[in-house]
Amino acid sequence: MQLARVIGTIVSTVKNSGLISRKLLIIQSVDGKMRDTGKPLVAVDSVGAGVGELVFWCRGKEASFPFEGSDVPTDCTIVGIVDSEAHVKSLESKGA
Amino acid sequence: MQLARVIGTIVSTVKNSGLISRKLLIIQSVDGKMRDTGKPLVAVDSVGAGVGELVFWCRGKEASFPFEGSDVPTDCTIVGIVDSEAHVKSLESKGA
Amino acid sequence: MQLARVIGTIVSTVKNSGLISRKLLIIQSVDGKMRDTGKPLVAVDSVGAGVGELVFWCRGKEASFPFEGSDVPTDCTIVGIVDSEAHVKSLESKGA
Amino acid sequence: MQLARVIGTIVSTVKNSGLISRKLLIIQSVDGKMRDTGKPLVAVDSVGAGVGELVFWCRGKEASFPFEGSDVPTDCTIVGIVDSEAHVKSLESKGA
Amino acid sequence: MQLARVIGTIVSTVKNSGLISRKLLIIQSVDGKMRDTGKPLVAVDSVGAGVGELVFWCRGKEASFPFEGSDVPTDCTIVGIVDSEAHVKSLESKGA
(Lines give C-alpha, C1' and ligand atoms only; values in the text may rest on other atoms or scores of the structure.)
Protein backbone atom coordinates (compact mmCIF):
# COMPACT_ATOMS: atom_id res chain seq x y z
CA MET A 1 0.00 0.00 0.00
CA GLN A 2 1.16 3.55 -0.57
CA LEU A 3 1.27 6.51 1.78
CA ALA A 4 -0.78 9.58 0.89
CA ARG A 5 -2.30 12.67 2.42
CA VAL A 6 -5.99 13.48 2.03
CA ILE A 7 -6.21 16.93 0.43
CA GLY A 8 -9.90 17.30 -0.30
CA THR A 9 -13.19 15.86 -1.42
CA ILE A 10 -14.58 15.53 -4.91
CA VAL A 11 -18.14 16.11 -6.02
CA SER A 12 -19.53 14.03 -8.84
CA THR A 13 -23.22 13.94 -9.67
CA VAL A 14 -22.91 11.68 -12.68
CA LYS A 15 -21.08 8.54 -11.71
CA ASN A 16 -21.26 4.78 -12.01
CA SER A 17 -24.00 3.25 -9.85
CA GLY A 18 -21.39 1.25 -7.92
CA LEU A 19 -19.96 4.49 -6.58
CA ILE A 20 -23.23 6.04 -5.43
CA SER A 21 -23.18 7.01 -1.73
CA ARG A 22 -19.46 6.26 -1.46
CA LYS A 23 -17.25 9.02 -0.07
CA LEU A 24 -14.75 10.15 -2.70
CA LEU A 25 -11.59 11.91 -1.55
CA ILE A 26 -8.69 13.47 -3.40
CA ILE A 27 -5.37 12.18 -2.11
CA GLN A 28 -1.79 13.17 -2.79
CA SER A 29 0.86 10.44 -2.57
CA VAL A 30 3.87 11.30 -0.43
CA ASP A 31 7.37 9.89 -0.14
CA GLY A 32 9.20 8.98 3.07
CA LYS A 33 9.93 12.62 3.85
CA MET A 34 6.22 13.48 3.48
CA ARG A 35 6.85 15.43 0.27
CA ASP A 36 4.28 15.35 -2.53
CA THR A 37 5.06 12.88 -5.29
CA GLY A 38 3.07 12.22 -8.45
CA LYS A 39 -0.35 13.57 -9.30
CA PRO A 40 -3.46 13.63 -7.07
CA LEU A 41 -5.78 10.61 -7.23
CA VAL A 42 -9.48 10.06 -6.56
CA ALA A 43 -9.91 7.49 -3.77
CA VAL A 44 -12.89 5.73 -2.20
CA ASP A 45 -12.78 5.91 1.57
CA SER A 46 -13.38 2.78 3.69
CA VAL A 47 -12.21 3.97 7.11
CA GLY A 48 -13.57 7.46 7.66
CA ALA A 49 -10.48 9.49 6.80
CA GLY A 50 -10.55 13.27 6.87
CA VAL A 51 -8.75 16.07 5.08
CA GLY A 52 -5.15 16.46 6.25
CA GLU A 53 -4.70 12.93 7.59
CA LEU A 54 -1.88 10.62 6.54
CA VAL A 55 -3.38 7.41 5.16
CA PHE A 56 -2.36 4.36 3.19
CA TRP A 57 -4.31 3.17 0.21
CA CYS A 58 -4.60 -0.01 -1.78
CA ARG A 59 -4.93 -0.38 -5.53
CA GLY A 60 -6.06 -3.11 -7.91
CA LYS A 61 -9.02 -5.45 -7.57
CA GLU A 62 -8.32 -5.93 -3.87
CA ALA A 63 -9.23 -2.26 -3.46
CA SER A 64 -12.85 -3.37 -3.68
CA PHE A 65 -12.60 -6.02 -0.95
CA PRO A 66 -13.66 -3.63 1.83
CA PHE A 67 -17.05 -3.29 0.14
CA GLU A 68 -18.15 -6.89 0.44
CA GLY A 69 -21.17 -8.02 -1.49
CA SER A 70 -21.09 -5.18 -3.94
CA ASP A 71 -18.99 -4.57 -7.01
CA VAL A 72 -17.46 -1.18 -6.44
CA PRO A 73 -15.44 -0.13 -9.47
CA THR A 74 -12.47 1.29 -7.61
CA ASP A 75 -8.74 0.87 -8.04
CA CYS A 76 -7.85 3.20 -5.19
CA THR A 77 -9.26 2.69 -1.71
CA ILE A 78 -8.10 4.15 1.60
CA VAL A 79 -7.70 1.22 3.99
CA GLY A 80 -5.98 2.75 7.02
CA ILE A 81 -4.96 5.92 8.84
CA VAL A 82 -1.40 6.27 10.09
CA ASP A 83 -1.24 7.08 13.81
CA SER A 84 2.07 8.93 13.89
CA GLU A 85 3.53 10.84 11.01
CA ALA A 86 6.72 11.59 12.89
CA HIS A 87 7.38 7.86 13.24
CA VAL A 88 7.36 7.34 9.46
CA LYS A 89 9.68 10.27 8.94
CA SER A 90 12.18 8.96 11.45
CA LEU A 91 12.42 5.65 9.57
CA GLU A 92 13.27 7.45 6.39
CA SER A 93 16.09 9.44 7.90
CA LYS A 94 17.61 6.34 9.44
CA GLY A 95 17.35 4.47 6.13
CA ALA A 96 18.96 7.21 4.04
CA MET B 1 -8.98 6.57 -9.78
CA GLN B 2 -7.20 9.11 -11.91
CA LEU B 3 -8.35 12.43 -13.28
CA ALA B 4 -8.47 12.88 -17.05
CA ARG B 5 -10.04 15.02 -19.72
CA VAL B 6 -11.99 13.50 -22.61
CA ILE B 7 -10.32 14.69 -25.83
CA GLY B 8 -12.09 12.68 -28.51
CA THR B 9 -13.63 9.47 -29.72
CA ILE B 10 -11.97 6.54 -31.43
CA VAL B 11 -13.32 4.52 -34.32
CA SER B 12 -12.48 0.84 -34.53
CA THR B 13 -14.25 -1.52 -36.89
CA VAL B 14 -12.19 -4.57 -36.03
CA LYS B 15 -12.30 -5.15 -32.29
CA ASN B 16 -12.86 -7.84 -29.72
CA SER B 17 -16.50 -8.91 -29.47
CA GLY B 18 -16.61 -7.82 -25.83
CA LEU B 19 -16.13 -4.22 -26.96
CA ILE B 20 -18.80 -4.18 -29.64
CA SER B 21 -21.36 -1.39 -29.12
CA ARG B 22 -19.29 0.11 -26.29
CA LYS B 23 -18.44 3.81 -26.58
CA LEU B 24 -14.67 4.26 -26.82
CA LEU B 25 -13.19 7.63 -25.92
CA ILE B 26 -9.67 9.01 -25.97
CA ILE B 27 -8.73 10.57 -22.65
CA GLN B 28 -5.75 12.58 -21.51
CA SER B 29 -4.68 12.25 -17.87
CA VAL B 30 -4.20 15.54 -16.05
CA ASP B 31 -2.40 16.53 -12.87
CA GLY B 32 -3.77 18.70 -10.05
CA LYS B 33 -3.25 21.86 -12.09
CA MET B 34 -5.20 20.38 -15.01
CA ARG B 35 -2.07 20.10 -17.15
CA ASP B 36 -1.65 17.15 -19.51
CA THR B 37 0.47 14.34 -18.11
CA GLY B 38 1.43 11.08 -19.83
CA LYS B 39 0.11 9.78 -23.11
CA PRO B 40 -3.53 9.56 -24.23
CA LEU B 41 -5.45 6.37 -23.40
CA VAL B 42 -8.42 4.58 -24.94
CA ALA B 43 -11.23 4.32 -22.38
CA VAL B 44 -14.62 2.61 -22.29
CA ASP B 45 -17.35 4.97 -21.14
CA SER B 46 -19.84 3.86 -18.45
CA VAL B 47 -21.43 7.19 -17.52
CA GLY B 48 -22.11 9.10 -20.73
CA ALA B 49 -19.13 11.44 -20.71
CA GLY B 50 -18.56 13.89 -23.55
CA VAL B 51 -15.57 15.56 -25.16
CA GLY B 52 -14.04 18.27 -22.95
CA GLU B 53 -15.40 16.99 -19.65
CA LEU B 54 -13.20 16.30 -16.62
CA VAL B 55 -13.71 12.69 -15.58
CA PHE B 56 -12.11 10.07 -13.34
CA TRP B 57 -11.35 6.60 -14.59
CA CYS B 58 -10.63 3.26 -13.05
CA ARG B 59 -8.10 0.69 -14.22
CA GLY B 60 -7.54 -3.03 -13.64
CA LYS B 61 -10.11 -5.80 -13.53
CA GLU B 62 -12.49 -3.64 -11.54
CA ALA B 63 -12.74 -1.48 -14.66
CA SER B 64 -15.10 -4.12 -16.02
CA PHE B 65 -17.44 -4.11 -13.00
CA PRO B 66 -19.78 -1.50 -14.49
CA PHE B 67 -20.64 -3.93 -17.29
CA GLU B 68 -22.22 -6.64 -15.15
CA GLY B 69 -22.91 -9.97 -16.72
CA SER B 70 -20.51 -9.51 -19.59
CA ASP B 71 -16.77 -9.86 -19.81
CA VAL B 72 -15.62 -6.58 -21.25
CA PRO B 73 -11.86 -6.66 -21.84
CA THR B 74 -11.11 -3.19 -20.53
CA ASP B 75 -8.46 -1.86 -18.19
CA CYS B 76 -9.60 1.75 -18.46
CA THR B 77 -13.20 2.73 -17.75
CA ILE B 78 -14.65 6.16 -17.08
CA VAL B 79 -16.69 5.85 -13.88
CA GLY B 80 -17.58 9.46 -13.02
CA ILE B 81 -17.72 13.05 -14.20
CA VAL B 82 -16.31 15.78 -11.93
CA ASP B 83 -18.82 18.53 -11.23
CA SER B 84 -16.44 21.42 -10.64
CA GLU B 85 -13.00 21.70 -12.16
CA ALA B 86 -12.24 24.86 -10.22
CA HIS B 87 -12.74 22.99 -6.95
CA VAL B 88 -10.04 20.45 -7.82
CA LYS B 89 -7.62 23.19 -8.81
CA SER B 90 -8.11 25.04 -5.55
CA LEU B 91 -7.16 21.92 -3.58
CA GLU B 92 -3.91 21.66 -5.48
CA SER B 93 -2.88 25.22 -4.78
CA LYS B 94 -3.61 24.85 -1.07
CA GLY B 95 -1.64 21.60 -0.92
CA ALA B 96 1.44 22.97 -2.70
CA MET C 1 -6.32 0.71 -23.11
CA GLN C 2 -3.13 1.99 -24.66
CA LEU C 3 -2.26 2.77 -28.25
CA ALA C 4 0.56 0.83 -29.90
CA ARG C 5 1.90 -0.11 -33.28
CA VAL C 6 2.56 -3.73 -34.24
CA ILE C 7 6.24 -4.00 -35.21
CA GLY C 8 6.75 -7.72 -35.63
CA THR C 9 6.10 -11.26 -34.54
CA ILE C 10 7.92 -13.33 -31.96
CA VAL C 11 8.87 -16.99 -32.21
CA SER C 12 8.91 -19.05 -29.05
CA THR C 13 9.13 -22.84 -29.10
CA VAL C 14 9.27 -23.28 -25.35
CA LYS C 15 6.30 -21.54 -23.77
CA ASN C 16 3.56 -22.08 -21.25
CA SER C 17 0.85 -24.45 -22.50
CA GLY C 18 -1.76 -21.69 -22.19
CA LEU C 19 0.03 -19.77 -24.93
CA ILE C 20 0.33 -22.61 -27.42
CA SER C 21 -1.22 -21.79 -30.82
CA ARG C 22 -1.74 -18.17 -29.81
CA LYS C 23 -0.32 -15.50 -32.13
CA LEU C 24 2.36 -13.49 -30.34
CA LEU C 25 3.22 -10.03 -31.67
CA ILE C 26 5.76 -7.44 -30.65
CA ILE C 27 4.17 -4.05 -30.16
CA GLN C 28 5.57 -0.60 -29.53
CA SER C 29 3.48 1.82 -27.47
CA VAL C 30 3.01 5.25 -29.03
CA ASP C 31 1.96 8.62 -27.67
CA GLY C 32 -0.63 10.97 -29.16
CA LYS C 33 1.77 12.11 -31.87
CA MET C 34 2.46 8.48 -32.89
CA ARG C 35 5.99 8.62 -31.54
CA ASP C 36 7.51 5.55 -29.87
CA THR C 37 7.34 5.59 -26.09
CA GLY C 38 8.67 2.98 -23.68
CA LYS C 39 10.03 -0.42 -24.57
CA PRO C 40 8.50 -3.03 -26.91
CA LEU C 41 6.09 -5.57 -25.38
CA VAL C 42 5.02 -9.09 -26.30
CA ALA C 43 1.25 -9.18 -26.91
CA VAL C 44 -1.29 -11.90 -27.60
CA ASP C 45 -3.49 -11.06 -30.57
CA SER C 46 -7.28 -11.47 -30.32
CA VAL C 47 -8.41 -9.56 -33.42
CA GLY C 48 -6.11 -10.50 -36.28
CA ALA C 49 -3.82 -7.50 -36.28
CA GLY C 50 -0.89 -7.28 -38.68
CA VAL C 51 2.51 -5.64 -38.69
CA GLY C 52 2.32 -1.86 -39.09
CA GLU C 53 -1.24 -1.43 -37.84
CA LEU C 54 -2.22 0.95 -35.05
CA VAL C 55 -3.96 -1.04 -32.33
CA PHE C 56 -5.06 -0.65 -28.73
CA TRP C 57 -4.25 -3.25 -26.14
CA CYS C 58 -5.51 -4.15 -22.71
CA ARG C 59 -3.49 -5.24 -19.69
CA GLY C 60 -4.22 -7.01 -16.44
CA LYS C 61 -6.42 -10.03 -15.84
CA GLU C 62 -9.06 -8.66 -18.19
CA ALA C 63 -6.51 -9.19 -20.97
CA SER C 64 -7.48 -12.86 -20.82
CA PHE C 65 -11.24 -12.26 -21.22
CA PRO C 66 -11.15 -12.60 -25.02
CA PHE C 67 -10.04 -16.22 -24.63
CA GLU C 68 -13.13 -17.51 -22.85
CA GLY C 69 -13.00 -20.94 -21.31
CA SER C 70 -9.24 -21.09 -21.16
CA ASP C 71 -6.73 -19.59 -18.79
CA VAL C 72 -4.34 -17.73 -21.02
CA PRO C 73 -1.50 -16.26 -18.95
CA THR C 74 -1.38 -12.88 -20.67
CA ASP C 75 -1.18 -9.35 -19.33
CA CYS C 76 -1.08 -7.76 -22.75
CA THR C 77 -3.76 -8.49 -25.38
CA ILE C 78 -4.58 -6.60 -28.55
CA VAL C 79 -8.34 -5.95 -28.46
CA GLY C 80 -8.91 -3.57 -31.37
CA ILE C 81 -7.50 -1.98 -34.51
CA VAL C 82 -7.80 1.78 -34.96
CA ASP C 83 -9.45 2.74 -38.26
CA SER C 84 -7.86 6.12 -38.78
CA GLU C 85 -4.48 7.12 -37.49
CA ALA C 86 -4.87 10.67 -38.77
CA HIS C 87 -7.95 11.10 -36.58
CA VAL C 88 -6.02 10.29 -33.40
CA LYS C 89 -3.24 12.67 -34.34
CA SER C 90 -5.69 15.52 -34.95
CA LEU C 91 -7.08 15.12 -31.41
CA GLU C 92 -3.63 15.46 -29.96
CA SER C 93 -2.85 18.68 -31.77
CA LYS C 94 -6.15 20.22 -30.69
CA GLY C 95 -5.56 19.19 -27.08
CA ALA C 96 -2.02 20.58 -26.92
CA MET D 1 8.23 -9.93 -7.29
CA GLN D 2 10.39 -7.01 -6.28
CA LEU D 3 13.30 -6.80 -3.88
CA ALA D 4 12.98 -4.52 -0.87
CA ARG D 5 14.43 -3.92 2.56
CA VAL D 6 12.24 -3.75 5.65
CA ILE D 7 12.88 -0.37 7.28
CA GLY D 8 10.26 -0.24 10.03
CA THR D 9 6.78 -0.93 11.25
CA ILE D 10 3.69 1.20 10.96
CA VAL D 11 1.04 1.78 13.58
CA SER D 12 -2.54 2.27 12.50
CA THR D 13 -5.44 2.19 14.93
CA VAL D 14 -8.11 3.01 12.40
CA LYS D 15 -7.92 0.56 9.53
CA ASN D 16 -10.08 -1.67 7.38
CA SER D 17 -11.33 -4.73 9.25
CA GLY D 18 -9.53 -7.02 6.78
CA LEU D 19 -6.22 -5.65 8.04
CA ILE D 20 -6.87 -6.08 11.75
CA SER D 21 -4.20 -8.18 13.48
CA ARG D 22 -2.03 -8.20 10.37
CA LYS D 23 1.57 -7.06 10.77
CA LEU D 24 2.19 -3.94 8.70
CA LEU D 25 5.78 -3.09 7.74
CA ILE D 26 7.34 -0.20 5.87
CA ILE D 27 9.57 -1.42 3.08
CA GLN D 28 11.96 0.36 0.75
CA SER D 29 12.44 -1.10 -2.74
CA VAL D 30 16.06 -1.58 -3.78
CA ASP D 31 17.77 -2.11 -7.11
CA GLY D 32 20.37 -4.75 -7.95
CA LYS D 33 23.10 -2.85 -6.12
CA MET D 34 20.93 -2.66 -2.97
CA ARG D 35 20.43 1.08 -3.37
CA ASP D 36 17.10 2.66 -2.43
CA THR D 37 14.76 3.23 -5.34
CA GLY D 38 11.32 4.80 -5.29
CA LYS D 39 9.30 5.68 -2.23
CA PRO D 40 8.61 3.54 0.85
CA LEU D 41 5.54 1.29 0.78
CA VAL D 42 3.29 -0.20 3.44
CA ALA D 43 3.36 -4.03 3.20
CA VAL D 44 1.50 -6.85 4.91
CA ASP D 45 3.87 -9.51 6.18
CA SER D 46 3.15 -13.21 5.51
CA VAL D 47 6.49 -14.76 6.44
CA GLY D 48 7.69 -13.15 9.66
CA ALA D 49 10.17 -10.66 8.26
CA GLY D 50 12.02 -8.27 10.53
CA VAL D 51 13.53 -4.81 10.22
CA GLY D 52 16.72 -4.80 8.12
CA GLU D 53 16.04 -7.99 6.20
CA LEU D 54 16.11 -8.22 2.41
CA VAL D 55 12.75 -9.54 1.23
CA PHE D 56 10.74 -9.88 -1.96
CA TRP D 57 7.15 -8.78 -2.16
CA CYS D 58 4.24 -9.42 -4.45
CA ARG D 59 1.64 -6.94 -5.65
CA GLY D 60 -1.82 -7.14 -7.18
CA LYS D 61 -4.68 -9.43 -6.21
CA GLU D 62 -2.30 -12.37 -5.79
CA ALA D 63 -0.83 -10.45 -2.87
CA SER D 64 -3.85 -11.65 -0.89
CA PHE D 65 -3.38 -15.35 -1.72
CA PRO D 66 -1.28 -16.03 1.40
CA PHE D 67 -4.28 -15.16 3.56
CA GLU D 68 -6.59 -17.92 2.39
CA GLY D 69 -10.21 -17.76 3.35
CA SER D 70 -10.18 -14.07 4.10
CA ASP D 71 -10.32 -11.03 1.88
CA VAL D 72 -7.34 -8.99 2.92
CA PRO D 73 -7.30 -5.69 1.03
CA THR D 74 -3.59 -5.63 0.25
CA ASP D 75 -1.66 -4.93 -2.92
CA CYS D 76 1.74 -5.37 -1.29
CA THR D 77 2.61 -8.55 0.60
CA ILE D 78 6.02 -9.84 1.68
CA VAL D 79 6.21 -13.45 0.46
CA GLY D 80 9.85 -14.40 1.09
CA ILE D 81 13.14 -13.49 2.75
CA VAL D 82 16.34 -13.60 0.70
CA ASP D 83 19.01 -15.78 2.28
CA SER D 84 22.10 -14.07 0.92
CA GLU D 85 22.30 -10.44 -0.01
CA ALA D 86 25.83 -10.78 -1.34
CA HIS D 87 24.61 -13.35 -3.89
CA VAL D 88 22.13 -10.89 -5.41
CA LYS D 89 24.77 -8.18 -5.62
CA SER D 90 27.20 -10.47 -7.42
CA LEU D 91 24.61 -11.16 -10.13
CA GLU D 92 24.17 -7.49 -10.76
CA SER D 93 27.87 -6.80 -11.21
CA LYS D 94 28.20 -9.69 -13.64
CA GLY D 95 25.19 -8.49 -15.62
CA ALA D 96 26.30 -4.86 -15.87
CA MET E 1 4.33 -9.51 -21.59
CA GLN E 2 7.76 -7.99 -21.19
CA LEU E 3 11.12 -9.12 -22.44
CA ALA E 4 13.83 -9.93 -19.89
CA ARG E 5 17.05 -11.82 -19.51
CA VAL E 6 17.54 -14.39 -16.75
CA ILE E 7 20.57 -13.29 -14.72
CA GLY E 8 20.57 -15.71 -11.79
CA THR E 9 18.71 -17.68 -9.19
CA ILE E 10 17.59 -16.63 -5.75
CA VAL E 11 17.73 -18.67 -2.58
CA SER E 12 15.04 -18.15 0.03
CA THR E 13 14.55 -20.52 2.94
CA VAL E 14 11.76 -18.57 4.58
CA LYS E 15 8.98 -18.00 2.06
CA ASN E 16 5.24 -18.25 1.68
CA SER E 17 4.02 -21.84 1.44
CA GLY E 18 2.61 -21.17 -2.04
CA LEU E 19 6.14 -20.64 -3.31
CA ILE E 20 7.67 -23.78 -1.83
CA SER E 21 9.36 -25.96 -4.47
CA ARG E 22 8.93 -23.28 -7.13
CA LYS E 23 12.04 -22.21 -9.02
CA LEU E 24 12.77 -18.54 -8.35
CA LEU E 25 14.93 -16.64 -10.85
CA ILE E 26 16.26 -13.12 -10.96
CA ILE E 27 15.47 -11.44 -14.24
CA GLN E 28 16.52 -8.14 -15.77
CA SER E 29 14.07 -6.43 -18.12
CA VAL E 30 15.54 -5.34 -21.45
CA ASP E 31 14.44 -2.89 -24.12
CA GLY E 32 14.30 -3.53 -27.88
CA LYS E 33 18.07 -3.16 -28.20
CA MET E 34 18.62 -5.77 -25.43
CA ARG E 35 19.91 -3.13 -23.03
CA ASP E 36 19.10 -3.40 -19.32
CA THR E 37 16.18 -1.27 -18.21
CA GLY E 38 14.78 -0.89 -14.71
CA LYS E 39 15.71 -2.95 -11.68
CA PRO E 40 16.01 -6.75 -11.40
CA LEU E 41 12.88 -8.70 -10.43
CA VAL E 42 12.26 -12.03 -8.74
CA ALA E 43 10.27 -14.31 -11.09
CA VAL E 44 8.67 -17.74 -10.77
CA ASP E 45 9.63 -20.01 -13.66
CA SER E 46 6.94 -22.03 -15.50
CA VAL E 47 8.86 -23.13 -18.58
CA GLY E 48 12.32 -24.25 -17.48
CA ALA E 49 14.31 -21.16 -18.34
CA GLY E 50 18.02 -20.97 -17.58
CA VAL E 51 20.51 -18.22 -16.82
CA GLY E 52 21.36 -16.11 -19.88
CA GLU E 53 18.21 -16.87 -21.85
CA LEU E 54 15.91 -14.21 -23.27
CA VAL E 55 12.42 -14.77 -21.94
CA PHE E 56 9.08 -12.99 -21.69
CA TRP E 57 7.20 -12.75 -18.45
CA CYS E 58 3.68 -11.99 -17.39
CA ARG E 59 2.53 -9.94 -14.41
CA GLY E 60 -0.69 -9.56 -12.45
CA LYS E 61 -3.08 -12.27 -11.31
CA GLU E 62 -2.77 -14.06 -14.65
CA ALA E 63 0.84 -14.73 -13.67
CA SER E 64 -0.52 -17.50 -11.47
CA PHE E 65 -2.53 -19.21 -14.24
CA PRO E 66 0.30 -21.58 -15.19
CA PHE E 67 0.08 -23.14 -11.73
CA GLU E 68 -3.45 -24.50 -12.00
CA GLY E 69 -5.13 -25.74 -8.88
CA SER E 70 -2.86 -23.90 -6.51
CA ASP E 71 -2.74 -20.29 -5.39
CA VAL E 72 0.78 -19.20 -6.09
CA PRO E 73 1.32 -15.66 -4.82
CA THR E 74 3.27 -14.40 -7.81
CA ASP E 75 3.02 -11.24 -9.89
CA CYS E 76 5.92 -12.14 -12.14
CA THR E 77 6.03 -15.46 -14.01
CA ILE E 78 8.20 -16.49 -16.95
CA VAL E 79 5.83 -17.89 -19.59
CA GLY E 80 8.06 -18.33 -22.65
CA ILE E 81 11.60 -18.40 -24.03
CA VAL E 82 12.41 -16.37 -27.14
CA ASP E 83 13.97 -18.48 -29.89
CA SER E 84 15.99 -15.82 -31.63
CA GLU E 85 17.37 -12.74 -29.98
CA ALA E 86 18.68 -11.37 -33.25
CA HIS E 87 15.16 -11.36 -34.67
CA VAL E 88 13.88 -9.09 -31.90
CA LYS E 89 16.79 -6.70 -32.37
CA SER E 90 16.18 -6.44 -36.10
CA LEU E 91 12.58 -5.34 -35.46
CA GLU E 92 13.75 -2.56 -33.22
CA SER E 93 16.20 -1.16 -35.74
CA LYS E 94 13.57 -1.18 -38.46
CA GLY E 95 11.08 0.55 -36.18
CA ALA E 96 13.47 3.27 -35.05
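For the reader, a short list of remarks on this structure follows.
By written order: A, B, C, D and E. Residues from 1 in each chain.
Basically, contacts are C-beta pairs under 8 Å (C-beta built on N, C-alpha and C of every residue); 3 or more make two chains touch, one makes a residue touch a chain.
Computed from a predicted model, the values in this text were never measured in an experiment.
Fewest steps needed to get from subunit B to subunit C, stepping only to touching chains, is 1.
Taking each chain's centre as the mean of its C-alpha atoms, subunit B lies 31 Å from subunit D.
Between subunit A and subunit D, the centres computed from C-alpha atoms are 19 Å apart.
Residue positions of subunit A touching 2 or more other chains, listed in rising order: 59-61, 63. Chain order round the ring, anchored at subunit D and oriented towards subunit E, is D, E, C, B, A. On subunit A, the positions that touch subunit B within their shared complex are 5, 7-8, 10-19, 24, 26, 28, 36, 39-43, 59-61, 63-64, 71-76.
Residues of subunit D that touch subunit E in their complex: 1-3, 29-32, 37, 46-49, 56, 58-63, 65-66, 68, 77, 79-84, 87-88, 91-92, 94-96.
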